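Lettered A, B, C and D in written order, each chain numbered from 1.
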Amino acid sequence: MLSRDEMALRPLNFVVVLGGDGTLLSAARSMAKVGIPVLGVNLGSLGFLTEVPLEELYATLQGIEEGRSNVEARSMVHCDVLRKGTTVASYDALNDIVVGKGTVSRLNHCDVYIDGDFVSAYKADSLIVSTPTGSTAYSLAAGGPILMPSVNALVVTPVAAHSLTHRPLVVPDTSKIEIVVNTGPDEAYLSVDGQDGMPMYDGDRVACHKSEHHVKLLRIQGTFFDVLRAKLKWGQR
Amino acid sequence: MLSRDEMALRPLNFVVVLGGDGTLLSAARSMAKVGIPVLGVNLGSLGFLTEVPLEELYATLQGIEEGRSNVEARSMVHCDVLRKGTTVASYDALNDIVVGKGTVSRLNHCDVYIDGDFVSAYKADSLIVSTPTGSTAYSLAAGGPILMPSVNALVVTPVAAHSLTHRPLVVPDTSKIEIVVNTGPDEAYLSVDGQDGMPMYDGDRVACHKSEHHVKLLRIQGTFFDVLRAKLKWGQR
Amino acid sequence: MLSRDEMALRPLNFVVVLGGDGTLLSAARSMAKVGIPVLGVNLGSLGFLTEVPLEELYATLQGIEEGRSNVEARSMVHCDVLRKGTTVASYDALNDIVVGKGTVSRLNHCDVYIDGDFVSAYKADSLIVSTPTGSTAYSLAAGGPILMPSVNALVVTPVAAHSLTHRPLVVPDTSKIEIVVNTGPDEAYLSVDGQDGMPMYDGDRVACHKSEHHVKLLRIQGTFFDVLRAKLKWGQR
Amino acid sequence: MLSRDEMALRPLNFVVVLGGDGTLLSAARSMAKVGIPVLGVNLGSLGFLTEVPLEELYATLQGIEEGRSNVEARSMVHCDVLRKGTTVASYDALNDIVVGKGTVSRLNHCDVYIDGDFVSAYKADSLIVSTPTGSTAYSLAAGGPILMPSVNALVVTPVAAHSLTHRPLVVPDTSKIEIVVNTGPDEAYLSVDGQDGMPMYDGDRVACHKSEHHVKLLRIQGTFFDVLRAKLKWGQR
């Protein structure tokens, strides 16, 4: 590892995030804008994004210093919130953008368009627009598929859709996904990585597409499948 | 059909509810307490509880007058909300009791006990305790099974459970189901048939069991499966 | 534990089955007919039916001898196979009766009736009629709910149903479930606990109902939920 | 439309397939090798691949003649079957390659590798490798997501996986997916679009990747979502 003096002479190479996936999500959104890689170190149990356990921190840093790491660029999803024709907010998410119902109302009504083509009206608790990285988070809990990080796609997953034939929809990440909120007098809520967000009102539009930013994850070993097997208790050979 | 004079001379035999399933749910909860049967007439599309279309209303009333109807008793679920050892509210539901997350927080943490035995800690958007009647409503959207109305059971269905191995759990309707809310500083929300409810706080307990009341549905023809096939577009012979 | 001499003087009290759930299923079907309880001891990993690990065998037998065990009666499902009006075979299953497609053909077509009422035509890989005990076996893998062993019900679960609105159906265990196989020239296959069975042909009928026999499981400790939490890695308090 | 004389003077422009999706699948695999577009005309109900109803056939042909059609290239999946190191068969599928269990055995055991990395051991009825086109067929019935035809991906979907945490896996269509069959003495079965195939034995390997061929679908109107809404009864605006 570098001494404090050596660090001071260098520009910031990467950021070590100690915590769980939640902590990393928050740091990753900030670092994505300035292009600095992050290394996720879990303080508790293994996370999808925080693979390095605390006791391997120094060995990992040593490995990075020795050039045995690689940077994995994870795509993000961007959204603009349009109210009466004006963009009132914009967000980038590493995992997902979620348009959900308010507390009391059971169903969230919205219309979805992809590249201008009408897809369907949805009645559901929420509608998730997830990146491949987010496909192992909330979207998975809602019945979505797992996307390898290298798949150039986004997935639109409804939560508890009223119609049993609504299923997760995988779209090219060159698509524009537009969600029009039809809640009448009820409030809906926009969530960004489950951490940030804002209330939504009838007629609001959420325009989603692949972000121009990426999160750079620093990784030293192991495959995406090693993490899946460990987290999901998949079968070993 | 009866003339107004004939009606005036009789005690109330039954109530006609015109609307959708939502309207009927609300009326049914009221009528259950006084034991008066309800006839559900849909003003729009076929409902699970409102099978009679408006154009068949008079023929149906005629049939009832001629004694060709029968009363189907549908079980309800009762819950008591306990806060610091005191019962602060009680509800009866025809469809379901739902303990859900507040607006912003993604996950609702709770512990479930059945007849005093610990079942599991759940992290999920919501936990649904559904009657057989409610099994075709919100629980179905969340991945639950369909229970015939005559099954003596309740079903506990998580919505978007964090753990992929949590599945709907069917329990005898002689069981006591207790949900302990562990939300920390966050608020949760208790919903009754998606229509009534109250905020919940950390440590609150929801004790559910079969209600002493029943909803008496007046029915004149057709089976439960006729409705399922029509509503869910199941295959004909 | 008893000496061989003591054993010789007594009628057979119970049978110890060493193996996995598969071994126990087979032994349990045999023992059910003569009413002898079985104790399942797993030689490898914990099973739903074989809860006792080998290293606890002697302590468990000691506990049984000291009267600390109880017998849990698990319901079975019986089926008669009717071909051209004649019963050509009959089976009792502890887990499930499965009507499945042959090897090559993708879809199994069948009609289902409950207590004489038409339910639906199904196109699916298989149709499972499961007991509560079987609800944690094949039916669970196919998307079925978990039924507590004390629920008086059977569950009909399709595997990979062509129609997305077909869902597991929970019926009272006093029901008669009839499956009519419509395979045309293709062969179907009837499976009993995944271990026994026979080929089925177009027009064959499988009439299922609760068996008159029970499997008596000898258990010394723990709840159904303890096993679920251990097997399915559910959350601890 | 062209007269027979005009036709005779031209090379074959396209093939009209009259039937259901099954008929089209078979014709499409043949035509893919020679690069001739196909027009699917359904003789019964609307198919995902046979959008044109019989009564619109002549209007559609007129539209094609007038240049109002476009050709949509649908990707296919290729597989080689390796037995003891030798390729014993090769197939191209428009929908899916399925490695399934034999008739009697309940579970198919196999190991999956992607680009040489071990993914997981699977115990399941079948393992489906589906194209985007096939994502609305068998994979959908087994719980898979819907992929827009323009997504550059394949999806690996298990049917009735023993482990509840196995979920459909979406991989880039530049990946090599290898399935190693571990059935011991039991037979497995390889299925191609549910129409062609061969028995598989312990140790056989199925190496799948995107095919060099495409199916050229002739389409004159409507979007992919129009078909989804019609087939799956999704909500209208």
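Just so we're on the same page, a residue touches a chain if its C-beta (ideal position, glycine included) is under 8 Å from a C-beta of that chain, and two chains touch if they have at least 3 such contacts.
Worth saying up front: this structure is predicted, and the values here are computed from it rather than measured.
Distance between Cα centroids is largest for the pairing of chain D with B.
A rotation of 180 degrees, rounded to a multiple of 5, brings the CA atoms of chain A into register with those of chain B.
Taking the mean of the C-alpha atoms as each chain's centre, chain A and chain B sit 35 Å apart. Between the CA-based centres of chain B and chain C the separation comes to 30 Å, rounded to the whole angstrom. For the pair chain B and chain D, the distance between C-alpha centroids works out to 42 Å. In chain C, the residues touching two or more other chains are 140, 143, 164-165, 167, 232-233. By the touch criterion stated above, chain A contacts chain C in their complex at residues 164-165, 167, 233.
Within the complex formed with chain C, the chain D residues making contact are 100, 102-104, 106, 124-126, 138, 140-143, 159-162, 164, 189, 191, 194, 197, 232. Those residues of chain C that touch chain B in the complex are listed here as 111, 114, 117-123, 135, 140, 143-148, 150-153, 155, 163, 165-172, 175, 223-225, 228-229, 232-237.
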